[in-house]
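Following this message is one structure expressed as structure tokens.
Chain nomenclature is as follows: A, B, C and D, assigned in order of appearance, with residue numbering initiated at 1 for each chain independently.
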Amino acid sequence: MKLHEYQSKRIFARYGLPVPQGNVATTPAEARQVAHLLGGPVVVKAQVLTGGRGKAGGIKLAKDAEETEEAARQIIGMFIKGLKVYKVLIEQATDIAQEMYMGIVVDRTHRKPIMIVSAQGGIEIEELAKNRPEMIFRLPIDPLRGLMDYQARNLAFELGLHGGLIRPFTAIARGLWRVFVENDATLAEINPLAITSEGQLIALDGKITLDDNALFRHLELNEMRDLQGETEAQRQARQADLSYVKLDGDIGCMVNGAGLAMATMDLVDLYGGRPANFLDIGGGARANKVAAALHIILADSDVKVILINIFGGITRCDEVARGLLAAMEEASTPVPPMVVRLVGANEEQGRQLLAAANVINATSLIEAAQKAVELASGQSQMQRP
Amino acid sequence: MSILVNRETRLVVQGITGNEGSFHTRLMLDYGTQVVAGVTPGKGGEWVHGVPVFDTVREAVQTTGANTSIIYVPAPFAADAIMEAADAGIELIVCITEGIPVLDMMRACQFLEDTDARLIGPNCPGVITPGQAKVGIMPGHIHTPGPVGIVSRSGTLTYEVVKALTDRGLGQSTAVGIGGDPIIGTSFVDVLRMFENDPATQSIVLIGEIGGTDEEQAARFIASEVSKPVTAFIAGRTAPPGQRMGHAGAIIEGGEGTAQEKIAALEAVGIRVARHPAEVADLVAERL
Amino acid sequence: MKLHEYQSKRIFARYGLPVPQGNVATTPAEARQVAHLLGGPVVVKAQVLTGGRGKAGGIKLAKDAEETEEAARQIIGMFIKGLKVYKVLIEQATDIAQEMYMGIVVDRTHRKPIMIVSAQGGIEIEELAKNRPEMIFRLPIDPLRGLMDYQARNLAFELGLHGGLIRPFTAIARGLWRVFVENDATLAEINPLAITSEGQLIALDGKITLDDNALFRHLELNEMRDLQGETEAQRQARQADLSYVKLDGDIGCMVNGAGLAMATMDLVDLYGGRPANFLDIGGGARANKVAAALHIILADSDVKVILINIFGGITRCDEVARGLLAAMEEASTPVPPMVVRLVGANEEQGRQLLAAANVINATSLIEAAQKAVELASGQSQMQRP
Amino acid sequence: MSILVNRETRLVVQGITGNEGSFHTRLMLDYGTQVVAGVTPGKGGEWVHGVPVFDTVREAVQTTGANTSIIYVPAPFAADAIMEAADAGIELIVCITEGIPVLDMMRACQFLEDTDARLIGPNCPGVITPGQAKVGIMPGHIHTPGPVGIVSRSGTLTYEVVKALTDRGLGQSTAVGIGGDPIIGTSFVDVLRMFENDPATQSIVLIGEIGGTDEEQAARFIASEVSKPVTAFIAGRTAPPGQRMGHAGAIIEGGEGTAQEKIAALEAVGIRVARHPAEVADLVAERL
């Protein structure tokens, strides 16, 4: 779960990390009010879960409350990379002498959290890693022991910091580690970590991604979920515990298992079709979960053909069939052609249950994918007279 | 021969009294696996399908000589179960549980570094050596003994490939599901090394997917250390960046971890990459 | 720093450990009030930093508010092992089915915290360790990694617990570990950890000793210090950063270094004298610290002779001499005979400074101890005509 | 010969720019110790008594080849300094600092277990090999080279004994102050083993005090492993129970750690225990 900048900064502040004075607003009037209370020049920043806000015009400077209101008017409601802006963060403007980078990510290869710092910040760290790898320092952290003071201090010296910046840098590094570990983050990033013209360190932008699997022990964080940014399909998938990703094709897919689901999409693509979604019903799904999955696909107006691929095991084919039938019965719109491939546990019962229903059976994955693609292109042709 | 599990495997099932634990204990016993003990704290003294239940792994090991553990413990407690198993002297720990917090897994892996235990998974279907032992949740009947070693990040996708191999008469030495999480105990490279050293394995199948760089590392390792033919399949060519595709580990981040990169890395060192699961069997057959 | 039972239990409660309902009172009227609010039978317990309260009559059962007032009247103001009782803790009485023990101490040999548990509690753990060592289970804890759930659970099974007690026991063990580590305790003990007749676990008595060296990072805990139980000499010693322990002899000792101070006391004893105190001025003490030390000794009416033993190094003999002179000058009572042995850094200057003062010089520790003992016995004889 | 420190010792002083660090650097240089570097974070590039100051121990080691560290860092930061030194590859760490929290020290000691570093102290006067190197705060001039190895939990009490030995013409191979805290890096047994293996040491003096059971363990070790004559002194026969006698580690707890017990344990294995510091020299002389 990605947190907005303002949410990340609130967490930072709770751990003593220095962030600019500021507050969030959902209307231009609120924005004006916030700027008025802050006084002086401010930055108005679109709160949206994607990068590239600056380029898209989502970040504006304003010298007073008046200008802030105008900036907020322009930003609230705009779309950045397809995401609508509902909130802006208004913060006191900072006079920046240098922009650095500090982040903690999960290093999959070494199975450890790794702290990454650079004396150059404000840009995407992946870019920097590609173009100027010598500017980047990495510190693997023992997750059972945590970050030691001297390790954080050594990083400060690697960056060439000295004098009065050593202690605050070390404190920020330790604080960011606590943010990471105590909130079960998979990413905690300060970018840029700025040195102001007065020689103070401050977290000008922040990003936290929380581990969805650990939210059960951070119920207060769960409430930070951005429900406004969620589509109806995403909401339904989350509530039914389904893995669902909308894509831009027209063949709706439902598969058990993430790898098999991707392989199914790939095969659709291989035969010239375009998957409308990724949808993994997981292992051992019961009928009601299958029904919920089909409802999501049926509600997608882009879907012209549905492809169901089930390799039974813990998941029983008869349960899947029952779920499909239930959802078809409840469907308020016409059900598109459906290609069903059931194999494994209780596949016979499953097929029998579906015999009466209007579905196309396939015995192999290849056959299923081919049929689905054929149907989809047929459908397309039918619609183009 | 085989790797990881075989007739000598003496299995303890952690979480044996739960629904999933009990169900799969039955299936593993049916397959012929030596399930010698179960563990559920507080249920010591009970029996499940004729298997004695203990309160602690330590007690189970001391009483039954268990050397391998399989974990069906719910996600919030699974990392602790892994550490308990390692501390009790278990050599091979197979963790089926899905949804374990990443931090818990990093801690468990760090803990394991000081022990002799090897972890497979989590979020994996387990390990099967056909005809000898099934330590996992895969459907046993689709497997058959033979010369092909399989290592995979996936579950049902692996079954699909196994079925294609078996249908073509190509049996398996051992099939290892290493798991779909970002933090897993055993990598492709670890298993490839075992297969390379296993006389029973003549051909290797590697089933990868988007996310991370494990496949790229496997490619480098195969180029320098593996003499046996390797066939690969990578799922997720059509996956968009930044989205988690089911598995917690299946996500293209910062432009890293695409299927295209992985396929290119594998093909660059001469590994044949199938375009779909069934083709894996064709490619394996060509070189056996 | 030892905490009172009621203080320890407040900390326990903060970490979610189950403790009886109760409150503290300093007067019988307050005690009545507390009992009234609690309702039902209560236990009234003297809050005093020593063991053996029960035997001394410092713990009483009371069936209502009336009896509580009477019990508090008897307990408040009484002395237990020389310590005056200022406060009582009034708690709801608990119906006990079994008394267990759980404690975390510092294992000096293994350099680790060690959790000790026993199915038998309510008695001194040292006693139990001597008489029934097989009843005691020890678990060393990795101080960088902490206590793992499974380790705590394994302890529960070692104790023969089962069923519904496993989870609460494990939670209490983890909680006690957090109490220990997050408060920098050197001892955190629940004794007895009772199983009630309803099958609940509850911490009936608790003891926490905090690490004095770590109080700088727990300023809120520092405020729990029992200033009422402190003597004037202890207060002065603490404020001057001196190590001072009152003993029951008549030869006041002042030494630099703890080991040498003990060796000096031992030598006094060897020659038949009795030290009035242990007093270590530490390393590198300046004149004002030395003066503070001498003031404490001079204020002790038991002291008949003073023995100063300084092995100069970081501590300079001239500084010591200056401190002694200053304190003697300010003394409001006659200064007892003083034997001074100065050796090492600046010893000549030190002796010269003291030349005018009425002190007896000694060149060796043996000579100094002998002279002090002789003088003390002479003094004694003089006082007995 | 000698133990722990000698002419090859290349010392880095952690906390060199502080009052105490700077003062003792001067004295150690005067004694002839090779002080090659100092460390104070943020003061890299400065010089103290001709010794270059670095920001980190790592840098000091890389630049100067320091192999030993002495720590004068204030108590709240001392455990971190110990870990920094160990992580930088320092082999011998002598920690003078008094008042380090017990938990910090337990953590540092746990940390050291995974490294090759040995810690002496904390809360100790340090180590001196007369005529070769002084790594500590003891007055150098009372020492003289010779055959007696000294190990002690105390500071000034040790000087008292050393002076008595020197006055009697008995020089010292090495004198080691292991420190007065409850948690220390090196125990009596560790140092006794070194002295036993050191050809330059012909007689050993052990100076203990109340608290803990280190002296009892030393007695057992001496009985089975030490062939050289050992003379002991134990301070605190008159110390009351339950009171901390200056040193954090000098406390009789739960009836454990009395001087009487320690003396009895030592005498039981034939070790002669002096009644006062000067007598130590008499007893050593008798058996040399």
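Brief remarks on what is shown
Convention: a residue touches a chain if its C-beta (ideal position, glycine included) is under 8 Å from a C-beta of that chain, and two chains touch if they have at least 3 such contacts.
The structure displayed is predicted, hence computed values, not measured ones.
Annotation of chain A and chain B: jointly contacted by C, touch as defined at the top. Contact count check for A-D and C-D (C-beta pairs in contact): higher for C-D. Among the other chains, the CA centroid farthest from that of chain D is the one of A. Between chain B and chain C the centroid-to-centroid distance comes to 56 Å (mean Cα coordinates, whole Å). Mean C-alpha position of chain B lies 52 Å from that of chain D. Put simply, the C-alpha centre of chain C and that of chain D have 28 angstrom between them.
Residues of chain A in contact with at least two other chains: 144-145. Of all residues in chain D, those touching 2 or more other chains are 111, listed in ascending order. Taken as a graph of touching chains, this assembly has some other topology, since it is neither a line, a ring, a star nor fully connected. Remark: the chains found to touch one another pair up as A-B, A-C, A-D, B-C, C-D.
Against chain A, the residues of chain B that register as touching in their complex are 75-76, 98-107, 109-111, 137-139, 142, 152-160, 163, 180, 182-183, 187, 207, 209-210, 212-214, 217, 233, 235-240, 243-250, 254-256, 259, 275-278. Contacts from chain B toward chain C in the complex involve residues 41-42, 44, 55-59, 77, 80-81, 83-84, 87, 111.
Contact residues of chain C toward chain B in the complex are 145, 148-151, 153-154, 157, 162-163, 166-167.
Every residue of chain C that touches chain D in the complex is listed here, in rising order: 106, 108-109, 111-113, 124-126, 142-144, 181, 184, 186, 211-214, 216-217, 243, 245, 247, 255-263, 265-270, 275, 278, 280, 282-283, 311-314, 343-345, 364-366. Looking at the complex, you find that chain C touches chain A at residues 144-145.
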